[in-house]
Structures are given as C-alpha cells and as structure tokens.
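Below are the structure tokens for one structure; questions will follow.
Per-chain numbering from 1; labels A, B, C, D and E assigned in written order.
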C-alpha cells in the first residue's frame, strides 16, 4: 500500500543575516533529495520554512510545522539563536529535532532528550585550536579577535580554557560588538603585540574585514587561524591569504573523502560554481541520517518517540567522509575537527591541505559550564 | 613604536569612519533640513549603493572607479524617480515629517526584503577589488592605498559639499525654504525645485558614503540599519538641518569609536556615543549646531 | 496707600538672553482693584515682563511675590493655581478642539473653577454660547480672543495679563473688545499691554512705560501721554 | 501697473474673495483696508501666486499672472512683503537682504544693500544679528527692505503696521512716501486706517470679499459713515 | 467613569466578545490560536501606544525595549524561584520605571526629535540585551521558559489564550477609562499646545511622565506575558522592528481613535506569520501596504476621512503675528 510520506519540517535561514548559511544548507540538502527516495522505500518529504534568522519566527515556524503540517521531526537551522529557539519548542513539545549546523554547546546540554546535533560544539573548536597551536609551538602567544556572538563567545571560551591548560598565552583579546565595521586599530594593536598566532573569530562580512586589515598591516598569513572556513569565506579571504589556516569538518581537499563524497563535490561544483564545504555536507548528511532512521524502524515514520529512540541508538557513518555518527545521551556527537592550510585560491576552487586533525569526547572540557 | 602605531592607526580610523559618518549624516540632514523628511531608509540607500558597486565591480567586472562613478551617477535618476512617484505627494501635507517617516519605513521594509532575497546569499562575500594596489606607511602604520584613496575622496567630497552649501546661493535657499517656505517663494525661490534638488543631492551624498565605505571595508546587509541609527543620532546631536553639525559630530563619532575601541573595547565604543548623545540632549535639547 | 492688597509684586527683575538684556531691574506692583497698562517701543521688554511674572521665564535676578509669598521660579501651572494668568500676543487656543473642550480643559486643573451655571452665564456674556461645538481654530480672531478670556475666567483668575488684546482686530471689533474689557476689569484684575493708545486711555488706571528694558516711568494715562520722552520715543508727532 | 478683475478665492466651500476688482496705476500708493477676514491677505497671496484663485484675472504690467509661478513673479518686478513679515528668523540681517535679491543673479547686490541701509540705518548697524532676535519694528523694516532688494516696479505690503509702536508706524509711512518719490508703486494692505489714509493716494475698502467703497484718500476720510466704521 | 464606559460600551462589548471568541474558535488549531494569542498581546502594546501617540502626542519608538526589559526581568525572577504572578507586577513596574528613566532626556525634546531619540534609546537597549550576557544570555536568548502556574497546573493552550484575551480587554477598558478621565483631557491639551496647557494650570512635565509611565506599563505587562507565551526570548524578540511595528499598527489603524489601534493590530500583527510561506515577497508586501495607507489614507484606516477633514480646517489666515 502506498504509505503516506514522512514529513520533516526544515526551518532554516532563507532570509536575514545568516541566509548565506541557510541557503548553502538548502543547496546541500537538494543534492541529497535526488537520491533520498529510491523506489520501494517510504517517501521522505522536507517542508521548508524561512525563519528570517529570527528566533521568534523560528518558534512560530516550528509550531506551524508541528501543528499544521504534523511533521514527524524538525530540522534545518544553521544559526545558534534560531536553533536554540526551536530547541526550546522541541523539548517542551517532544518533537525530535535534528540540528544540522549549529555549534552552540547548550543545544545538547545535559538533560536534552529530543534534540540531536551533527556539528561538533563550538567550545570544542576552541579547545582544538589550543591543541593545534600547542603542538606547533609550545608556549606560543595567541592574539584573539572575536565578534560578540554566542557562537564566537563559545569558541573563545573553549580556546581560553584549553590554552591555560597548555601553557599558551592569550594576548590581546579583542571583542567586537555585533555590527562592527572596523578593525584597523585592533589590527595595529595585534601587530604591536607581535603574537605567534592570531585567531580570527568573525562572522559574515566582518570576518573579511578583520582578515584584510590584519594582512594590510603586515601580519603574515601563516599566523592567522580561522576556527571554521566555508568555501565562500575562503574565497573572501582571497589569494593573499595563502598560507593561513582554518578549521573544518568536511572539505573538498580532505584525504578522507569517500567516493560518494567525491561525487557530491563534483556535482555540487558543476552546479553551483563553487566547492561545497561542511555546511552543505552536514545538510546532505542530515537527510541520509533520517533515511537510515526510517529504514531502521518503520514505525519511526509515524511515532515521534520511536523516531527519537531510533535516532538516539543510531550507529552510522557520514556517507561523504566515512566519519562515524553516534550520539551521546544528550544528543551530541563524538567530536572532531581538521585544520587545513590554504595553498591556493582560485575563482571556483581553492586548494588546501590538512595539517592537523583531532577528535575528542563532547565533555572532555566542561563545555556546559564554560558557555551558558 | 607600538604606542605610535596604535596612535596613528586610531587617528586614521577616526578620520575614515568620521568621513563616512559625516557624509551619510550630511545627506540625511540635507533632506531633513529641506523637505522635512526623516529618512529612515537612508541606511538602505547607503547599502544599495554599496551593493550596486559590488555588482558592478565584481559581477560585471567593471573597473572599480568606473563602477563607483556609475553608481553615484545612477543615484540621481533613481532619486528623481522616487521624488516623482512618492516624495512630492507630501510636499504640502501639514505634518509631513511623520508621513515621510512612515513612508521611509515602508521603503526600508521593501528594500530590506529585496536585498535579503537577492543579495542575502552572498552576504559574507561583499568585498570590492581595491581601487589601487600597494601600501603607504603613515609613520610606522601601513595603510592600503585603496583605503587612503577612499579617505581622500571622502574629504574632498565633504569640502565640495560644504562649499556648495556655504558659498552658493543654493545653500542659502535651502535654509530659507526650511525656515519660511512661502516667504522664500515670494523672494523668487522655486521651492519645489529646491526640494527636488535637495532630495537628489542628499541621496547622492549618502550613496557616495556607501561607495566609499565599500571600498574601505567589506560589509554585509546588517550595516544598513546601524547606519540609519548612527546618522539619525548624528543629526540630532548636530542639530537637525545643520550640515556643519553633521560633519562635526560625524567626525566626533568616528574618533570616539576609534579611540574608545582602541583604549577600552570596541563594544564599549558603541555604547559610548549613543550614551554621549543622551547626555548632550539632556544639556542642550536643540542639538549643538541648531540653526 | 496702606491697606491696598497687591496682586503681584515684581522687584528688580533682570532678564538676559545671551548678550541681550531684556529687563534691567524692573519693579512693578499691581494692586487689587486696579488696572495696569504697559506701553513701550517694540523690543522694550513688555512681553518678557509678562513671561517672567507668569512663570514662563525664570529671571536671572529679582523676585516675584504673589499674596506676599515668593513665587519667583514657579512654573506657569503653579502661577495659574495662584490665580495669575495671561493671554498671548499671538492668539492661542486649542485650535483642533471644540470651544466646549477648550473650556473643559481650562477647568481640569483649576482648584477654584466656576460651576456649570456660572460658566453658562459667562458664555452668554462673551457671546460664545452658540459656538460651543465648533473647533476653536475656525472661530474668527475676535471670537478666539474672547475664548482666551473666557478660559481664564472659568478658572476665576485673580489677574489676567493681556498681551496686545486688540492686535489685529478691526476698528469695530476694537470697540466691542473695549466694552468686554471694561466689564472684565470689574470682575478681575487686568494688566494690559497695548500699542493702541485708545485701549490704554480707556482702561488703565496707571500705566508703566518701558524703554529698552527699563521702567521709564509710571503714571496715569494723562500723565504719561503728556511726557515728552514718551512722545519722542514712542508715540511720535501724530499723538503729540 | 496692476489690474485685478473679478478675483474669486475659495477655501473648500468657503468663499473668501468674491469678484474683487482693483486697478493700480504706476507710481501710486493705493491702500486696501477692511476688517478682519475681509479677504485682504487672500488677495495678496493670490498676487504672490501662493494660492490659486478660483476665478478672475490678475494682470501685472499687462501680463496675465495666471501662468506665472510664484517664484517668477518677483523677476517681473512684483515684490510682496507678506503678512507676518516673511523674514528668515535664523539668518542674519545681511543674509535676509541677500535672499531679497535671490532672483537677481547679475545684480549689484552691494549697491542695492547700500541703498536699503541708507533708508533704514538701524539695519546696517545690526547686519550680523539673527533677524528673529530683533524687535518687532526692526523686523518690519527688514521685511520692507527685503522687498526693496528686488528693486521692484511695485511693492505690496500686507499689514506692515501690525503690532508696531505708533512711532514706528509713522516711520513706515514716511518710508512709503519716499518710495513713491523714487518711482515705486505701492499697494498697502492694512487694517490701520490712519496710516493708510495718511499715505495713500487712493483707497479701496473691502469687506466680505468684495470692494465696498473706493475713492481718493480724502473722499474716503471725508465720508462720515465710513470714518466712523474704520477709525 | 461610568460615562466613559457608556460612551464606549458598545465597542468594548464587541471587542470583548471577539477577543474571547477568538481562542475558542481557533482552539482546534494550536498554530492559528497562537497567532491569535500574539495578536491579543499586540493589542496590549498598541493600547499603550495609542495612549501615548494618539492622545499625548508622543511617539516613542522604544516600546519593544521596555517590553523586553520586563520579559527578561520576569524570566529572571522566575528562574530565581518566584512564581510568574509575583514576577509579573515586579517586572512590569521595574521595566516601566526604567523606561521612564531612559525616556527622561528624550521627554525634554519637542515633537519628532523625541521620536528619533527614542529610536536611539531602543538601539541601546537592544545592545544591552546582547551585551549583558550574564543577565540575558546574550544573543542566544533564553529558551524553554516555563508556563505560569494556574490552579495547580501549567497555564497552557486555550487557557493561556483566554488569559491573553482578558488582558487585551483589560487593556482596552483601561485605555477608555484613562482617555475619558481628566487625565486624558490633560494629555490632549499637552499634545495640542503644551505651553498653553501649562498656562492653564496643567503640570505638563508631570502629565508627560505619567503618560509615559502608564504607556510603558502597557508595554511591560505585554512583555512579561510574551515570555512564557512564546517560551523563548532573545534580543531580536524585542528589536527596533517590533517598536516600529507597534507604532505602525496605531498609525495604520487611525491615530487618536480608540478602535483604530485595534483594527491596525488585528490586520498587521498576524501578517508576518500568515505570510511565512511567501517569505520572498513578505517584506515587500508589508512595505507596499504601509506606503499604500500613507498615500491613500493619511489618517489611518479608521481615522482616514476624519483625518483629512481635520487637516482641512486649519486656516492659516487666522494665524496672527508671531511673538516678536
């Protein structure tokens, strides 16, 4: 009998300040949808709603999908504030919620039951940066520049925590308010402090501004570390940033990409005239996970508790990279990051090589206390 | 050497931001001080210019200077069209400042919506290719020639604007129309022409601010609203309608942001000038340079 | 002259605007039952004086007393409560509100207001009864001037300071207004600023002459009209 | 010089001016007096092009003004000093005078200003003062001076005596007579019948939007009834 | 007092009937009921704005900020162990007082400068919400706000909607009573000509402050209920756009008319939700709607014709000379 399709609510940032993330995510999802519904399997259908990068709209959209469309699970947000807003709704109303791209630790704080996160948490990224720097140059001095966003605060908190343990010095630390437009003076301050590394934790266009101004005053690209890098960001930093470093969870230039991952990269590049990066990958992987949940237990398509339990017990691998997927009791994944060094930046593609990779347990550092 | 470095970079930043703030606030205050329109959409116009420049220079591959001139030039027919279709309808309305405010909110909403669905997906990529290559050292502090050029152009524009309003009879006519419209008309001032001219000139200056900003910094869509608020704050403190006030206070804002963010923190800087505004208003409610 | 009760006493008032000294040590006392006039060239400080007495301006020096109590820096609403009120050189009513609403507004914070019957009688006297539901802004100037007075009367003001009450009225209206004011001075204290000598002559018991911010002299209308300085500096040949 | 025929002005349904006819010859001082709300200011506004008449014709030096926008009328030689003075309060005296000659690009403004300062020396003394801070009388002189900066063929003054001290009114009267001697036509719109009678060659008496009486100043002042009503 | 109720009685009864019927009619669909509840909350806000803008002539654009302060305060108090019903009055009072404190410098400004200044204040408040992370949790906001307790259980669903209906009706009754009381008359006088009002014995500063306090109280009460109703607050929940929207709803419906604000609210508040599927054109539609109203009905929907007539009665011909 023709079963009804399984409906998944996908609330993401199609407009508003984070729409470059949301639309990238949707681009990744599109590729997965092409192979998502092979004949003979129960159909999975994504219902997309824009949240305008607005938490209130995100809650309303979640409510709309839950009640009007009767979705079995929610997914989609790529920004921590919208994700947290939906998180509250999902936990209160017992709707399974699979977060593709949002790194704020509290999304999987102890006691979380219905929310699951694919992306490693941001405090962990900071931890990883400290590990990386300590390995490159013990006792190094790090200049930290970050925007006053929750995500950026979380990264910085992790970095500071681990840096102290590893005997690294953080100086200066510069916080920019949201909507900043200038970093000239701060670049000069960084130059004056002469650090071994500069960690640039910016968002959107401001990331480019900081990077440009650091390069302008003569900071060497090899000293600059970005905690995360998407294809568009790398393009934004441009050719003169060759040599600088960025963290990622999936990259076209990784050694570990699987055959399916390679095909995804090539197809995506052909269609979008740029490489996919971890955002596209995670949204691609999200649909794969949902498929596996529905296949593992047919009842998961009709019962939210079953869906939740099946997802929680899932042991799988990212089809694109072969990296294991497994959730802990709070819905967090075993975490990992790659550090890449940029080799060349072109119009469509860029070249970079992995220089460091590390994995850790979600609670190796006290993330949930570090970041409220 | 390090203190000198920080000092010079602070001065440079103060100037750079000050010039851009001044341009936008001057544009806003010209329009307010002639047709009595508090244009909440000025930030969107500012952003529109920056985005148009990006499209022209990056997507169409025009030379940055050509693209800049094209964008600033295009603001004239665009303003004229808007004036024809909407602005002039309210010239004779009694409390038109409120009508204009509502109208400009509507325009803000429309432009914000359009930008968000068109340019939104590239909002981490807005950078303009440099105007010129190379770096100049101001003492120990290196500045890219491109930003230096933007600064010099901005200063020149402000000087030209100042001269126009100060020494050309058009400047006096704007003030006359604002103070006593019927009387100005009886003295031979074509009031509607002055209105139209002011609207075009004001927007042109705002667009120039947007273009220079785009050369000096990369930007994203959120810059529009913060620029609107900043321009309003500058206008109120400087005394609505006063271009001298807009430039003076614009510079103060630029330097405040630079100095406070260098010696305290960038976050405090944002608070500081808005707080300063409240303090100044407590002492002098009509603004510093009220005409 | 003992036994006379002062309505207000202004003593050595100095009022400066930046460099301009609008009032230089001006002292004026008005007694109950007396109508005071004030004349003087343009810019001699007449309106400023009223502004100070009614609390619109705080003088740099000097004191204002009402019923023996110091009220120098009182704001206008407290002066109104003390019974000291004024009209404006440019007529001023709530233009968008009806006449009835204007009157109601005048009574809303008046401690000593008239009751409904008295208001009705006053309305009749000022011939505004038929205009109650008209927006005040669409009254004629003369009607607006009468409404201004009415709004002070319903508060039972003890003193009304009138700043050029016949300014802009036509000759016939001036005559009618003079009658109104003539009756009015029997009901309440009046202080009248005017350039129209006729008004001063007919109403004032005593006239203060202002010149360049100073009180030049005070006297009966006949006395001041005969003064050479007043003729030379204010009235001109035609009135000599 | 000026010919107003069947001028009609409406505000919505309200008829403010109703078929007004006035003729003014070159070099005359003509007075227009009438009570409050007679429609005098409305007439002046129509002359200045600030409101559009419902019907009628205004011809200045033979030219129909209907098609001439407000701001061009001054270049034809018609200079209007509006009710409430029409000065620019927050500009200096000198800037106000320059505004008076705004429409005359090629003119020798310094020379014009000198002539005005000769007429009202107090203005020269106060040339840097903000107009709005001057006394009423000085403001009125400035307003007349602004009107003269256009070196007009004809000047129209709407209630120049309003709120002025008697001696200043007298001064203004003298100034008007000097103007006539210089060949300027004067149209004096007033409520102050004394001033008008003193300086005018002819007087129109207006009420309820139409001309009630018209005659030489002597004829009007000799008419006992009217004298009673006006003075 | 009874006069006021008699005068607006019909309107109030109709409004109350509609307000209570709405949650009941929409009870079958929690999503639509939620939108209805949000609209009722907005009625509380616009009632306060109506008082300030329509009657006192003040046009503050910091309502969202005040609502936000109240919401954060209520959530904070609840986290500290207070019940919602204890937290509500404390938070609302606190927010209204903070609003008055912040508004003090702005209240010295005349007319439109006050508005622009309040816009800047709103921006500062939003920045503060982001900046004081320890109090507000920064830009991530606070989620999972517990519903208020209500007769032993949590206040949820239709129950909460009916409470909001009561709140909205209460707000409108309060507005009617205030407007028709002497206080309302004083406010109108201050709006029309504050100097003259003062001359007539009205303490203008006090009236403005009182009006601002009362208006802010409306904003604050709405804000305190917003938090548990939506279950989530963040700086963006109370940003300048909300402030502008609250004011727009009043202007849109008709300034200075009791029911205009309600009409404006009912039409505009649900729009962003109902247009959620049309996100590409949503803002454009909203903008065009605003422009359309200001061009075609400058006085707002209810005030439309009245507004025009009022503008026409101005007769500058009667304006006499300005003070020298």
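Criterion: a contact is a pair of C-beta atoms (placed from the backbone, for glycine too) under 8 Å apart; a residue touches a chain by one contact, two chains touch by 3 or more.
Bear in mind the structure is a predicted one, so any value in this text is a computation, not a measurement.
J.: Tell me the fewest steps from subunit C to subunit D, where a step is a jump to a chain it touches.
T.: 1
J.: Which chain pair shares more contacting C-beta pairs: C-E, or A-B?
T.: A-B
J.: Work out the mean Cα position per chain and let me know which chain is farthest from subunit B.
T.: It is C whose centre lies farthest from that of subunit B.
J.: Starting from the Cα centroid of subunit E, hunt down the chain whose centroid lies farthest away.
T.: D
J.: Counting in whole Å, what is the centre-to-centre distance of subunit D and subunit E, each centre being its mean C-alpha position?
T.: One centre to the other, that is 51 Å.
J.: Approximately how many whole Å separate the CA-defined centres of subunit A and subunit C?
T.: Measuring from centre to centre gives 76 Å for this pair.
J.: Can you compute the centre-to-centre distance for subunit B and subunit D, using the mean CA position of each chain? Integer Å is fine.
T.: 43
J.: Which residues of subunit D are in contact with two or more other chains?
T.: Those would be 37, 135-136, 162-163.
J.: Where in subunit B do residues touch two or more of the other chains?
T.: In subunit B, 113, 116-117, 226, 267, 270 touch at least two other chains.
J.: Scan subunit A for residues touching two or more other chains and write them down.
T.: 14-15, 52, 148, 177-178
J.: How about subunit A: which of its residues touch subunit B in the complex?
T.: Touch residues, subunit A against subunit B: 14-17, 19-20, 23-24, 52, 148, 174-182, 184-189, 191-193, 203-209, 212, 216-218, 230, 232-233, 235-236, 238.
J.: State the interface residues of subunit D toward subunit C in the complex, per the touch definition above.
T.: It is residues 34-37, 133-138, 159, 162-171, 191, 193-194, 229-231 of subunit D that touch subunit C.
J.: Residue numbers of subunit B touching subunit E in their complex, please.
T.: Within the complex, subunit B touches subunit E at residues 38, 86, 89, 93-94, 97-99, 101-103, 105-114, 116-117, 225-226, 229, 232-233, 235-236, 240, 267, 270-271, 274-275, 277-279, 281-282, 285, 287.
J.: Can you check the complex and tell me which residues of subunit E touch subunit A?
T.: Result: residues 29-31, 34-35, 127, 130-131, 133-134, 137-141, 143-145, 230-232, 234, 236-237, 272-273, 276-277, 279-280, 283 of subunit E touch subunit A.
J.: Along subunit E, where are the residues that touch subunit B in the complex?
T.: 59, 102, 104-106, 108-110, 112-113, 115-117, 119-121, 123-124, 127-128, 131, 240, 244, 248, 251, 279-284, 286-291, 294-295, 298, 311, 314
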